[in-house]
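See the structures that follow.
The same chain A turns up in both complexes below, where it pairs with chain B and then with chain C.
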Partner chain A sequence: MSAFRQRSSVSYLLALPAALWMIAGLIVPTLFIVWVSFWATRRFSLESPLGLMHYIKFYNTPVYQKLVIDTVLQTGLLMGITLVLGYCMAYFIVGKVRGEGRKILLILLLIIPFWTSALIRTIAWIPFLGVNGVINQSLIFLGLIDEPIGVFLYSRTGITMAQVSFYTLMATGPVVYVMRNIPPSLQQAAQCLKASPTRVFWRITVPLTIPGVLIGQMLVFLNVMADFATASAIGGNKFTYLGNLVLNLYESGQLSFASVIAVVLMLTMFAGVALLLRVVDIRRLGAL
Partner chain B sequence: MTTPVESHRYDLELKGITKRFDDFVAVKNLSLSVERGQFVCLLGPSGCGKTTTLRVIAGLEEPEQGEVWIGGVRVDDMPPWERDFAMMFQDFALFPHMTVRKQIGFGLEMMKRPKAEIQRRVDETLATFEISEMGDRKPDTLSGGEKQRVALARALITQPGILLLDEPIGSLDFSLRESVMLELKDVQRRLGITFIWVTHDQNEAFSLGDTVVVMNHAQIEQSGPPETIAERPRTRFVADFIQGNNVFEGTVAAIEGGHARIQTASGIFAVPVDPSQAPAPGAAVTFSIRADILTSQPTDGHVNRLTATCRAVEYLGAIRRYDLVLEDGRSVKLEQFRSTGTRINEGEKVTLGWRVEDGVLHTPPAGAPA
Partner chain C sequence: MHWKTRQKMMKLLLGGVTFGFLAYQWFPMVIMAVLSFTDPEGGVTFPMRGVSLHWYREFWADSFIDDFKPPMYRSLMLAVMCSVTTATLALAAVQAMRSRFFGSNFFFYLILLGIMAPGILVGLGMAFVARILGIPLAWYTTTFAVHMVWTLPFGMLLLMAAFNRFDHKLEEAALTLGASRWTTFWRITFPLVLPGVIGAALFGFTLSYDEFARSLFATGSEQTLPLIVFAQVDRQLEPTLYALGTTTTVISLLMIGFFALLFHIVRRRSRSDVAITT
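Right after this comes the complex of A and B.
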């Protein structure tokens, strides 16, 4: 018998430190943001009257709503690209690379860039994307273009390229994990039942890796929705998403309206996660 | 050179198959012919190459050398999905995301049969295997025995020429195995499909196989009906591997007529030899006598004699098995029906005997000095 029975109060005690930390560090600040978003003044005062003033402002300003749509669209684009790239990478590493050592080496090579800080990784893209950057010079060298083009830096293309490089790994990792746990006998059994490799892929491999895809997509969704640093550094403040707006409002002292945007961002993220979870039962992840 | 017509005498034919994994030779120059409707058991210890042989037939492993013929068609250039066979895996390999019904229809779906036909045949198959009520369930809700039936139904619905089975009852509870074995044998007889069954369990092989193929170190040691394997082990390995043999080592002292006189640590014994293949005097040889052929009440015909002391008695239902110690310290097994003969007690000294024709001289392993 286990020393900790399910309803033993000892097991609750074990969860206490983490619970306190979560309450103090996450739940209380979140509730505080929600509270501030209902302040019906422009000033910072704990005695502000409560009201819907800032929500009404959000509701009446189409620019802000368009920003929500822009953020969601950019996130959707990233999810689509990282889904395909990440799945191909996972399939290659698990299915095509021979030898455990080589697999680990490849995964390490993918992870190494993430040993530096996010800021450095982002800034490192600038010399690549600039008018005289590596990409333009390479294209000129290859004779594909005659003179530098400016579509990379300070553009959505540039932001997207950088974000793809940051977030593809998030989409890859969970798929690698789930795919490795599929017993090879399943694919072999399908082959013995007259399924060609293409059909084995679509009928066996893909359905069985959906939980991994889903978790990866959730990570990408949450991170891209909240990403403001990439847009600031590479978009040159020309392109803003919800995260940038929150930062701008905060810096200009509009705390209540910043909180409203933060709440909108959070609600959108909740809705997205709920939608993803409806697609596939995540609890089946370990049950393969 | 074999023409297709000739080769179709056999449902399955392997010719000179060799398969290596890096430096390890898993199957070495193996040839095997199986006639239609036969139940063949590949028997051997783990690592002997029996599963690799099965996977070569399936096309899941590619042999370096040799030919594979299924139903008169040479298939060694074909991928698994183009070969005419079905396979049952040791872990059943049921698809966790498909219902039993979907699962069983998978093969027909891959063969692009019309929907209506798939539906009808799945219904029939579910009924045949008495699993109709679990059609909508997923594998993780099935018991071991149920999974086994689903796996068999899924394999047989495509009406394959041969069925390959890789330790198909190895993962079942012991209590289930016997009934499942009988059921599988019954299915095989009714459908007349060739079964190639891989196992390390000799009881399985002997109770099921029309032909038992004993493998060791990547090669076939002996192939034949269960009785022959049990009573006339061709090599020392087979004699050791199959329970109930007493193996003796010795050197040939003389060849006299139809038998050899062999000097062992326990005395000189007469063992029959094939005059055309008789070993030279002085050659090191091994021979065996079955524990159930030895007798503790020798008569005049039992010219080979041993003195031994009983060390332990095992009770095996209708049979008693005695563990006896020879004067040189080696152990000998004796099996007697409880209804015949008197019980030997522990510590009792007995004289064991056997007739000349009861001994089986082994063929030396290939490459060993004659």
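Right after this comes the complex of A and C.
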């Protein structure tokens, strides 16, 4: 994207503010979390001896390890649901809707909630999920159930329902972006050569959209892993994921242990991203 | 089945999924807005009783969550700060990356890391930094710092797309005709990428205005709006919260509308400029 190149020295000057900001606002805080996680006291003091005290506590407490598995399972569930929903929607918007104006309208309808408060959207789910909530009342009205059922609010179902409405956009957006950039001539060429629509879809569209799918899934993975506000507001503190544990430990003043959980969360996320990149590389080899 | 009927059914199915999801996504927000107009006796769910502005009066008169106005003011100020800073720093960063300087890849990933880092951890780390270095927590320092970490990458990605889209021969022409680099940037490049700059400002504003996870540990006693909303959900759910939620959602929507209008004007103007010159 060059043509108009900056001299190197000017480039450094231009890049400096952003780089310093990211170092001060992200890298240093992360290093401090790692540092604090090795403090072997319960107090928050710079003179703390370093040690593995809190890591050993984590290692010896199966409840906390189960929380890691719960968080990963919940994230996996969300990734599955948003993958299917997101791909269907992207395919419909890009491939089936006629007219640029209508496409943009649908994309805007999809994206606008992302620019409003996630917390408020979580609160908005509560009147739906309660025992006397909208869902229960509609089900009774339709005659599907006689008594209100309590599976929605303060339950994993409720948390999942709300999370699906928040995070599907992240799985859809990148696929829409990638799909819009596929030259139509590719599909036309395949059709001229008598490939059936199904075959065109699987041999042309899917392989070319895999990068978008991957980015979308990565965004969903990173966001659901770190989401604690939804579980806290809808789950009523009954369900916790790693983020909630960090919050609880912070509030009870166990800062070193909170850092250990934070480090565990970070490592799990790194592992997940590495795994995702791996899966796609293998698939790409298959496609070639 | 003939493949054409199959295609038609497929289209129906996919359309159903899409419109179904859009309804699913928007419905709770609409219901919240409706319920916020319930009577003083009305609860937080259906059946709705009567129509009144009671809960709006209630939250305007600060009888609930101490007083929401200072936090709302802080959130708006912070959002404006993030909006301006994101647009400026992202523009500088992307312009810098056009020459592949030593470490430019590293620089790109450093900024991108801001999208990947979980909010609660960034906030936690910032709380430690402040405590250890003895910096007091405040919305206009520590919270501002962590919000930027979240908004800057979005601004950068948007601007990279904007820079990739225009015809770079225009810049070459200006340089060949003897314009300085400075003049070329401000007279040619900047107007061309201005829609991208506006997009970056929009992301800076809305993402900061609604940010909760990053603010949680990094903000001191002077809290922002999402923080007092979260505290209130923990305590008690009242229709006042719906009134507040509806109000802030409307503010967000107005801001989106404002930026969309700006975007539209800039685009029309740059198009008519091109029409005149050609």
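Quick note on the criterion: the second predicted complex is superposed on the first by the 270 of 288 C-alpha atoms of A that agree within 3 Å, B and C clash if a C-alpha of one lies under 4 Å from a C-alpha of the other, contacts with A are read in each partner's own complex, and residues count from 1 in each chain.
Basically, a residue touches a chain if its C-beta (ideal position, glycine included) is under 8 Å from a C-beta of that chain, and two chains touch if they have at least 3 such contacts.
Model, not experiment: these values are computed from the prediction.
Overlaying the two complexes via chain A leaves chain B and chain C side by side, clear of any clash.
Using the contact criterion defined above for the overlaid structures, shared-chain residue A:S8 touches chain C, although it does not reach chain B.
Look at A:I204: by the touch rule set out above, it reaches chain B but stays clear of chain C. In the superposition on chain A, A:P183 contacts chain B only, with no contact to chain C.
Between chain B and chain C, the partner in contact with more residues of chain A is C. Seen from the CA centre of chain A, the centres of chain B and chain C span an angle of about 80°, rounded to a multiple of 10. By the touch criterion defined above, A:L255 reaches chain C but does not reach chain B. Touch criterion not met for A:G101: it reaches neither chain B nor chain C. By the touch criterion stated above, A:S196 is placed in contact with chain B and with chain C alike. The least CA distance from chain B to chain C in the superposed model is 8 Å. For the contact definition in use here, the residues of chain A common to its chain B contact set and its chain C contact set are 196. The touching residues of chain C, counted against chain A in their complex, run 3, 6-7, 11, 13-15, 17-18, 21-22, 24-29, 31-32, 35, 44-46, 89-90, 92-93, 95-99, 101-102, 104, 107, 110-111, 113-122, 124-129, 131-132, 145-146, 148-149, 152, 156, 160, 163-164, 168-169, 171-172, 175, 181, 184-185, 189, 202, 206-207, 209-210, 212-213, 216-217, 226, 229-230, 233-234, 237, 241-242, 245, 248-249, 252-253, 255-256. Across the interface of their complex, chain C is touched by residues 1-8, 10-15, 17-19, 21-33, 36, 44, 46, 85, 88-89, 91-93, 96, 106, 109-110, 112-113, 115-121, 123-128, 130, 132-134, 137, 164-165, 168, 196-197, 219, 222, 225-226, 228-229, 232-233, 243, 246-247, 250, 255, 258-259, 262, 265-266, 269, 273 of chain A. Listing the residues of chain B that touch chain A in their complex gives 58-60, 79-82, 85-87, 89-91, 93, 95-97, 106-107, 110-111, 140, 154-155, 158.
For chain A in complex with chain B, the residues that touch the partner chain are 183, 185-186, 188-196, 199, 203-204, 207-208, 287-288.
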